[in-house]
Each structure stands twice: as structure tokens, then as C-alpha cells.
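Chain IDs A, B, C, D, E and F follow the sequence of writing; residue 1 opens each chain.
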Amino acid sequence: MKIKLINPNTTQAMTDSILDAASRCKLPDTEVYAVSPKCGPDSIECFVDEYLAVPGVLKEIIDGDRKEGADAYVIACFGDPGLKAAREITHKPVIGIAEAAILTSGLLAPSFSILSVLDRSVRITEELVYSYGAERRCRSVRATGLSVLEFDRDPAAGMAALRREAEKAVREDGAECILLGCAGFVDFVAELREALGVPVLDGVVPAVKMAEALVGAGLTTSKVNTFKKPETKEIKGFTMFEEEDLKF
Amino acid sequence: MKIKLINPNTTQAMTDSILDAASRCKLPDTEVYAVSPKCGPDSIECFVDEYLAVPGVLKEIIDGDRKEGADAYVIACFGDPGLKAAREITHKPVIGIAEAAILTSGLLAPSFSILSVLDRSVRITEELVYSYGAERRCRSVRATGLSVLEFDRDPAAGMAALRREAEKAVREDGAECILLGCAGFVDFVAELREALGVPVLDGVVPAVKMAEALVGAGLTTSKVNTFKKPETKEIKGFTMFEEEDLKF
Amino acid sequence: MKIKLINPNTTQAMTDSILDAASRCKLPDTEVYAVSPKCGPDSIECFVDEYLAVPGVLKEIIDGDRKEGADAYVIACFGDPGLKAAREITHKPVIGIAEAAILTSGLLAPSFSILSVLDRSVRITEELVYSYGAERRCRSVRATGLSVLEFDRDPAAGMAALRREAEKAVREDGAECILLGCAGFVDFVAELREALGVPVLDGVVPAVKMAEALVGAGLTTSKVNTFKKPETKEIKGFTMFEEEDLKF
Amino acid sequence: MKIKLINPNTTQAMTDSILDAASRCKLPDTEVYAVSPKCGPDSIECFVDEYLAVPGVLKEIIDGDRKEGADAYVIACFGDPGLKAAREITHKPVIGIAEAAILTSGLLAPSFSILSVLDRSVRITEELVYSYGAERRCRSVRATGLSVLEFDRDPAAGMAALRREAEKAVREDGAECILLGCAGFVDFVAELREALGVPVLDGVVPAVKMAEALVGAGLTTSKVNTFKKPETKEIKGFTMFEEEDLKF
Amino acid sequence: MKIKLINPNTTQAMTDSILDAASRCKLPDTEVYAVSPKCGPDSIECFVDEYLAVPGVLKEIIDGDRKEGADAYVIACFGDPGLKAAREITHKPVIGIAEAAILTSGLLAPSFSILSVLDRSVRITEELVYSYGAERRCRSVRATGLSVLEFDRDPAAGMAALRREAEKAVREDGAECILLGCAGFVDFVAELREALGVPVLDGVVPAVKMAEALVGAGLTTSKVNTFKKPETKEIKGFTMFEEEDLKF
Amino acid sequence: MKIKLINPNTTQAMTDSILDAASRCKLPDTEVYAVSPKCGPDSIECFVDEYLAVPGVLKEIIDGDRKEGADAYVIACFGDPGLKAAREITHKPVIGIAEAAILTSGLLAPSFSILSVLDRSVRITEELVYSYGAERRCRSVRATGLSVLEFDRDPAAGMAALRREAEKAVREDGAECILLGCAGFVDFVAELREALGVPVLDGVVPAVKMAEALVGAGLTTSKVNTFKKPETKEIKGFTMFEEEDLKF
């Protein structure tokens, strides 16, 4: 089975670290590979970033289906950008890492908190929690106040900020599981898990395991109505797509 | 005051009809103008269409702010594509026609139903209703089963389908107000209103009037956190933007 | 267009300040006038006050419709007392200031907090928020602990209390917009807006602008079921109504 | 113990039938008496009716407390008009019949439907269900389409209409308990119960039994905040109150 | 009328104190008696305890119906263990003390908080509140951190812990009524009520009064569907049941 | 990895068919085995059945942990009986088949319906859907009206009933995915999937795949609070447990 990991931003270092995490957790027979879109922002921190990441994500799904023989897709950004559109394009399973982390936490604990990057992500993340029906299990969404770039520049400071907010989530908010709300946090999982004594989930590992589970069970996306293939129509102005790409 | 109406699809006939509706309801001193983005799909009927419409919408907001002196924006597609991203880009009011119609209906009636185009839009529209907190007022979302194109080709058949579903919404579902879930339906309002005896709202008129209201009251989008300007970053591959466009 | 502002309490000073705010924000062609009912309490701070204010409000609606040619009504008390009954009596738009403020905030910010007068209003206000479907956007309802009368006697202390609670709402509760939960607070808007850096909404201005919008769009209340005219029946003991008043 | 039953409308026949039902279910030591307010409408079928009934209800509470030594109150109209205001005025238990029926049904069955009078009551009743947190247990609110007066004139037709809708509620909507949404329906309980094979609750009997329960347990309304006594203030124009009535 | 109180744990001292509270609040003509099951845990503090208590509770219901002529049952543990199963077995009213306390609080106050034993009960109790539709009235669930046994060993320390958390619930969380989330807390009611100035409800007294109310009104559990008698089937391995016990 | 499948009822034929389904979908390296408890009912169709099944389920978890070296558990009854208690007893993953099916459906389709056995299961199943936060995705719960035994005796009639209700769920209720609400339905999956053209999920396969996913990712149940080990206490009267079994 071949799982394509799509890092929706264009930062190769993050793509590498996502692939690394996937490689460590995958089944022996699973093949994983990771890409960044050729177009889009170098990090995703607001609605504009999300929307400008999606066309590149969709291009990667199209190529995965038509050229690469992928069996499932993981969208590896905690906002799950373009997830529903991706499910229209392909019948193969597409998993968002936020969705995977939120669902998985329900199998392990009665409640969770999410650690996010900037303050501006708190509201977006709360709406995501709502859209997955997890609002009654969510104790809090906490921001570290550091940007993706700052995490990159000073991982020790990032780790300290994550740990500080995670401890508040567990002690003050009553969270019994911690979700890391950024694909870039995947390297902090082990240390936080040890420090906190509760399950700590990045989204990449749960998403890879869920993708393997769906493919293994022979399950595919429902094509009866909402996620049917898009009607073919004239779409202008996107140079990142080839001529046939948007004919479904 | 200058209101820019953005038809997120590239079909000029629909842009014209949106401008026409706006022109008839606007205040004498209001200037309205309507555009279609240069890029994007010629109609919006699924998630893929929405996502591919948004970059063009954002470009029109940027131009409206920097080149045209617009005072407010209306996004004239019933899915409100890109609305929250638009609010990040500009501090000037941005109104989606679904949001405007749903809010306005609450001032006129205790409940409403929405008439939509294809079956596949029903679920998307229900989620939209939810995101505006109107789920307890929404009696039903009903699809006509006709595509945007079919409405165009045979308006009489479209009118008949709308009227049939609207009557079911009022009689069977208990709706006391009808919302037309497509900007292209603006020309059917008067006839439906007469036939049904309940308020019938397209979104364009409510959105123009709300834009006038906000500008008239001197109100602008909150910039304190979620809708702050996007962080400037490298964004690759969108030829529809000029070099300075995405520097905020 | 003629908009009648009804201050549901009998304190003329508050009626004057409501009219003043309306006069400043109205369109040039709009005529606004403000009244206090002849019967009812001199301030509204609990359920008993609300119920004893409503008959006087209804009398003003009846007179507005039958004697004064009003085109729309604003009920200018943050509890929206009698709003649904008023919509039964007239087909012309009736806007409550709480409803107007809550709806308007959704066009400007992802979340809000409400500043109220006494502690006892917190629960009432929370239920109001719920009834308008805004509970997921509401971060908090905070009381200043001062009565309407105390605000009157010492506006500087009132301003200080409002500012203190507003700052907590923004910083601790994450509100991105502030709603002033008393028609008497209309004079504090400008100063708070400057101090806080977020939109601050009294209800009077949003209500006047929404009334203008509805009248301008030719929209009237749905009369198909819930808000039909009351059945005419014998109603005894209300000397504030003239003989024909309650025949609909 | 002395329970005062307040029929919020001025129709003596309904007051008699309420008293009759209460007399049959009360404990031997309980004294029940029933009144109609001196002011207000002769039936309650819309928001205007409710609001014009409340001052008379409050007057009866005041007299009950100060002149009659009542130990508890039942507001015997299925809209529970003025319930929260009544709880401000007195610390003695006040029970609304809708509240009593809805709560009691939860002890007997997992779900219920409500049978109402006119179509226009459906929405009001749904909001009532919501305000008591029973929306997940409520299968439907069904109207008979007959007015209170028509029930009075032709009880056999009324019974037939109630039975028809009740059977639909049980068979089509899955209700496992039926609530009668009008105090005037109290005489139909026994026959419907036999016909349907499910519990059928009017509100009067549950309310009387709950009032007995609260008084028997020595429980009184919380006066710490929301239901504190109203602030004494000038209230003009209600000739139904005596001078001291509104001083709390 | 004969009410059987079932203490689902096997600690006789708690059974005695439950009987004592019931004896003090019951009507003169009511006969109350209390039992502990012969099997099950000696206190109930987690899901395992609840499940192992239920067979014994069901045995007591069966005996109450077939051998003792009970007219109603109270399950006297704040988790209401086995309540719905008990309603299948008998048509006579079965009341859980959590359900009784939560419903009763709605007749007395707009909001409540629950005081619980161990931290691990908080989440279970929150789900209980949800299942009774009271989540909008519930301000908080607070744990004392002491086990049932510790309350037994040092009641003064228990009282101090309850008082401390109750005061926080009232002052910080805005609760206007306090519910005691353990049948063992019944002896603390009077002192807490005096100290706090708000209604304090154990569940035993409300449950006894509701049982009296239902029996007095001739009401029984709906047997039309969900709570029908169990299908008779082979059930192996429960030595606490006699041969005929599980034939319904 | 070793997954223990627990069929909570004592019917060996159903245990065999569960094992069969698990064997077909498992990974090559996974070992699966299936058991029925030694005590409990031979089918589970109501609350009493569920409660009497749980002690046997817990015994199997205890034995799995202490004697058999199981790595994860699947509780293979669509009511997920005893799931939370099982999570207290062991830190190894425990998956209920309802939970697994409901979560998995969210990765494949925007909505689902559940097909159940008897009418009396509809309400129980709706509450289960609610407890997993899936109420906004659930279109309907439909009962076939046939008992577990009747499905056994006449599988062709069972298949016809399932297909009839499934088609209504898809066509009338708008379900885009079908969940089979009984572990005994596992043999009907393939035929229904072909007939309906939408994903059809029994719970056994999703649960096995999720168990493999969690074990593969090294994830275990959160032990910080709600799911901590039970306090050891005296538990009387369960002959199915050995002396040390309930010491945690």
C-alpha cells in the first residue's frame, strides 16, 4: 500500500520531518512518500494561507491518483485544508491530521486540549473541533504565541512553551490527552508524553495509521452525493494545473 | 459610498444580474459595481469549485482596497467562499450573501428554508447554516436537482422547480421565510414572493443593504486577533497575483 | 422613511440619549423620533420590569402604525422586551437592539462579549444570546455591578467599570468585539472603542441601520403563521389602551 | 399546605376545570384554590396574549403572598407566562404547567410529543421545550388547528382532533409519552390515555404534585441573584395594582 | 404508598442515613424502607463500580415488585446506576437521585453546580448532566478530592471541603443552587444551606418527593417501546438471581 | 500483535462469525481470537441485557490482560457495553464496534444512518450516537423490527428487511453511508454494499483495524484521571470473578 503525505506548505524541512514520523510508525509493507506543493505559502497560519495552499494540495491529489498510484492521502496541516475538496476528486481515502488526531483521542481519553501556534489560530481551531463533533470533549485550545518560524529557529524555546501550555491544559483545564495542533510539532511528541503522563498526539502518526486501516479494510469515500466527482467546467487562471487536470 | 460586488464565478451574465439587483435596492448615494474574478470556475457547485474561486475573490478584494477605493465588499455566491480570508485582508466590511440572507431572515420570521441547486449542495449548505448559528431556525434545505447551467438554459423550468420546492418548504416543513441559495436566483424573487405569501430573500439585496448599514455606521472588521492582517510570507505559483499583492 | 424608537422605560433622559445616537447615524432622508411609553417602570433590570414594560411598548407600536405612519420600529432596551409580540401587531419591521447588536457583531468579528448592568442580568442576557443562536460566538457576559441609576449619577465611575470589564473580556475571555448591554450605554461607545482597539457596539446604532436596511429593501415581517395578527378577543383591565387598540 | 392555581386567562369555565383536576389529584391535607386574573385576555394563543396576561398573573402572586397565605403557585397555561417574573416576586415555589409536564415526562418515558391548539403555537412551544433543555427528548409539536374557543364549542370534535394527532405522534414521530399543550385539555386526559396506551400528561396534575413535593421538602426559590426581589422603582399606568403592590 | 429506597452499594451505614433522610421528608401515609443489594461494591466511585452494582439493584427491583408490593423505587446513588434497566423491569416509577436533584433544581434556580467526591467522577457527572438535558444550567462540577471512605472517617474535614468548593461554585462559577453529588452527603445539607444562602439539594429528598408525586398522580412508566419488558432469554452465571427472577 | 474480540453475549455462532470477519480483514502479523463470556444473556436487545453482559465482558478483559497477553480488545456489540469500565481496568486499547463504525464513517462520508434490530433499540442507539458527538452527521436510526433470533432463523428475510430500510435511509433520509447496528449483521455487508452503492460498515472490521492502528502507533488509554484503575474495594456476590480478579 502506498500512502502519499501532502504537506500543504512549501517548506521542505517540515515535509522531511513529516515523512520521518510516518516512516517510523508505518507498517512494514506500507510505502510512504511526502511532498510539498509547488505553489502556495511557506507556512499556514491564517485563512488566507489556507486558501492559497489548497490548489496545490488538490494538484498533488490529482497527480497521486493519475500518475503515482497512491492508495490513500494524508493532508498534513492541522487545519485540514482542502480535505472535503480532495474527497470529491478521488475515491481513495483522504485523511486530515486534525481529524485523525481528534478522532483517535476519543479512543484513548474522555477529553483533550489542543496546543496551537499563534493566538489567531485559536478560533479557527475551535471551529474545526466543532465541525468534527468534538466540542463536548475539547477542554481548551491554547496558543503558544510563537510562530511556525520561531519554533524552527529556537526549538528549545518552542518545547518550553508547549510544555508550559500543556501542563496548564492538564492541570487547569482538565484535559486528559494533548493534541499538537501543527504538523511541525511532530518532533516534540516523545518528550511531552514523558513530561506530562498523558497521551500526546501529533496528527501525522494517527493519520498514517488510519489511512492504513481504511485501505486495509477496503474502504473508500462515499461517492453517492456530496463527494461525487466535480462537474467538469471551465476553470481559468491556474497555471499550476495541466490541461487535463481539472477534467474529472 | 462605494460597494464592490464580487461574483466569485467567471460567468458575466450572472455578474450582470447581481449588479442589476444591487442597483435597484441601493441608496441613491451608493455606488455599486460588480466584477468576476479573472481566474476560477464558471459556476460554483462543489468544494473544489469553491476553493478554486477563492484566490480570484481575494485578488478582487486586494484591488478594491488598493486601487479602487471600495468601502465595502459583497461576496455574491451562497457558499460565502473566502469570506473569512477576505476579512483578514481588508478592514473594510465584507458581507457574504448567505450570511446576509440568514441573518436578515431572523429579523422577519421565526424560521426559514433554503432552496438550493444540486443535491450535492444540501450538506454544504446545512454546514453553512450551522456555522452562522441558525440551525434552530432552519426548517430544511431543499435542492431543485437542476444545475446552474440548466437554470440558465430554461428559466421557466427553473422557476417551476423553485416554486414546487418552496411550497413544500412552507407547507410540509413549516418554513415562514424562503432563502434562495444561489446568486443566480435573484431574478426569481418577485414572482416567488407573490406566489408564496412569505418573505423570499435572495442574498444580494440583504448583503448590499447590510454593507450600506455597516459603512453608514462607521463600523469595520475587528483586527485584534483572528482577522488580523496575514503575516507576510513567500507564496509561490499564483500568477493571478502581482508581486506586491500578497504583502500585507 | 420614518423610524420610531421606543425606549421601553419611562426615563426621558434615556429616551433623549437614544434619539441623539439615532440622529447621528441615520441617513439624511430618514426621520427618527423617540418615545417612552406612558406606563411602565423607569428602568428595566429584571423580569418583572420587562413584563411591565411590554404593554406600553405594544401601545406605542399600535399608535405608530395607526396614527403616526411609522415605517419601522426599534425597541431600545437590551432585553428586546416584547419584540415577538410587536411583530404580531404590525407587519412593519421591528428591531430589538440586542438582536441588532448580536447580529451585527457576526459581520465584524468571530466572537463578542456583552457588558451588562447588574449581576442579575447576566443569566437573562445569556438566555437572550442563546435565543439568537449566538452562543458559540459569545465569550462572556460580564456585569459592572452598577445599576442604571448609578450609571446616571456617576458616569465617570460607570465608564471606569465598563472599561475594566471590557478589558477583561478582551484579554481574559478572548472577545474580539464588545457589545454594550444597556441602551443607556450609548454615550460610552466612542471612548471605549478608542481605549480597547476592538469594535464596540451599542445596540441603538445597529438597530437604526438595520431598520433602514429592511425598509430600503422593501422587506416586512412574515405573516404566514407565528407572527400573524392576534386573534381579536376580550382583554380586560388595561387602561393604557383605547377601546379599538386591541382589535387587530 | 395551600396551593394557588392561577389560570392566566379570564375564562371562568377553564378556571373551574383546572380546579377540578387539581382537587382530584391533591393530597388530603392540601388546600387548592383557583383564580383568574381580573385583567387580561380571555384566552392565550399568541405572544400578545401572553404579555397581556402576565401583569394579572403577577397581581395574583402578590395577593397570594400578602393576603392569602399561599404556600405555592401553579401558573396554569402551557406557555408558562410570567413564570420567571413570578419567581422574583415570591420566594415560594412557582410551577408552570409546561415545565411540570416536560420534567415529569422525563421520569416516565425517553421521549414525548406535545399537542397544541393553533398552528401558530407550534414555534412558541418548540422554543419553550428548548428553554427547558428537553429538545433531545421532544419528538414533535403538533397542532390540532382548532382554537381554544372551538374546543369549548365542540369537545367531541376537539377530542377527535387530539386523538388523530396523538396517534401520529406515537406512530410516525416515535413519541412514547403525550403532553397536552393547553390547560383546557385537562378533561381529555383519561380518554386519550386509554386510547393510546402511553402516558398522557396534562400539566395541571404534574404541577400540583410538584408544588406539593417542593413545599413538602421545605424548598424555596433561590434568591441569591437572578430571582432576587425586584428593585423598587416607579412604575406607572397599571391600574390593576394597588399602591403598595409593586414595592418589594 | 410504599417506596423502596435502593442504596446501590453494600455499606449499611449509608443505607441507614438514606433511610433517615427519607423518613424525615416523606408524607405521613408513605411507607419508606431502604436496602443494600446483597452483591456489589461497598462504594461506587468509577464505571467498574457502577456496572458491578447494577445486577444487585435489578434484583432489588424484582423483589420489590414480586415480593414486597413496592409502589415506587428510588436508586440512591448520584450516578443513577441501572436506572433505565430498572424502568424496563417494572412499570412502577423508578427515580434516580441525580435525575431528581437536577430536575428539581430547575424549579428553584436558573443554574446549579454539583459537588462530587473524587476528581475521576467529574467527567462521569458531566455526562450525566448532559443526558438529562441540563448542560445549559450547569455552571460546574467540582470535586472535593476526598473518597467516600475519607468522608466517613472524618466528616468535619469532608464538610470543610464541601463548603470550600460550594463557595467557589457560588462566587466564581455563578451557581445559584448546589447539588450534592453523593448519597452519602445527605447529612451535610442543612449546614451547607445555612452557610451558603442558596438552595442545597441532596438527591434523596427530591427523589422521595417525586416518587410520591408520581404515585399520587397515578403515573407509571411508558411501556410502549424503549422501556418494554425485556425479552425473556437465557442468562447464565448470576448466582444472585433466583431461577424465575429474569423471566419477565 | 494479539487482539481479543469479546462478543458480549453467550451465543457461540455469533462469536464465530465475528472471528471470521476479523480474520479476513486483519494484518498478516496480527493474531485475533474471539470469546463469549461465561455469564450473561444469549443476545443483547435492551438495557437489562447490556448490564447483565458487562460483568462477563470485564472478566474477559481481566483474563486477557493477566493470562493471555492480549494487546488490544474489541467489544463486539453495537451498544459498546462496558466500554468505559473496560478502559479503567486495562491501559491497553479497548474499542467498541459502535464507536469504531461511527468514527470511521466520518472519514468516508458526510452523513450516515444506522440499521438496528428491534424498535426498542432506536432510542438507545440515538443516545449512543450523541455520546460520540455524531448527532449532526446521523440522518436516522432505522429498525428492521426483527429480533436477533429472527435474523438467525431466516437470514434471507433479514437481508430483505435490512435492504429495505437501507434504501429508505439513502433515498429518504439522505444517508451517504450505512452502519450495521448489530455485530450479527457482519455477514450482510458485502451484499448490501453492492446493492446500495454507498459504503456499508459493520463495526467489527473498523474496530479491528482501529485496534491495529492504536497498537501499531504505541498508543494506550489515558490513565491520568477518569480511566484510572478502580480503587480496590470489597465487591460481593459475583461468582464469575476469581478472588484476585477485582484487585487492581
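Observations
Going forward, a contact is a pair of C-beta atoms (placed from the backbone, for glycine too) under 8 Å apart; a residue touches a chain by one contact, two chains touch by 3 or more.
Keep in mind that this is a model prediction, so the values were computed, not measured.
Among the remaining chains, those touching chain A and also chain E are C, F. Looking at the partners of chain C and chain E together, the chains they share are A, D. The pair A-F is the one among C-E, A-E or A-F whose contacts match those of B-C for more than half of the residue pairs.
Chain centres here are Cα means. That of chain B falls 44 Å from that of chain D.
One inter-chain figure worth recording: chain C and chain D are separated by 29 Å, centre to centre, where each centre is the mean of the chain's CA atoms. Each of residues 110-111, 122-123, 136, 174, 176, 225-226 in chain D touches at least two other chains.
Of all possible chain pairings, those that touch are A-B, A-C, A-E, A-F, B-C, B-D, B-F, C-D, C-E, D-E, D-F, E-F. Against chain F, in their complex, chain B makes its touches with residues 122-123, 130. Considering their complex, residues 110-111, 136, 174, 176 of chain B touch chain D. Listed in rising order, the residues of chain F touching chain A in the complex are 25, 27, 93, 95, 99, 103-104, 106-111, 132-137, 170, 174, 176-177, 197-199, 201, 205-206, 209-210, 212-214, 216-227.
If you check the complex, the residues on chain D that touch chain C are 10, 37-43, 45-52, 54-56, 58, 82, 84-85, 87-89, 119-120, 122-124, 127, 131, 147, 225-226, 228, 230-231, 233-240, 246.
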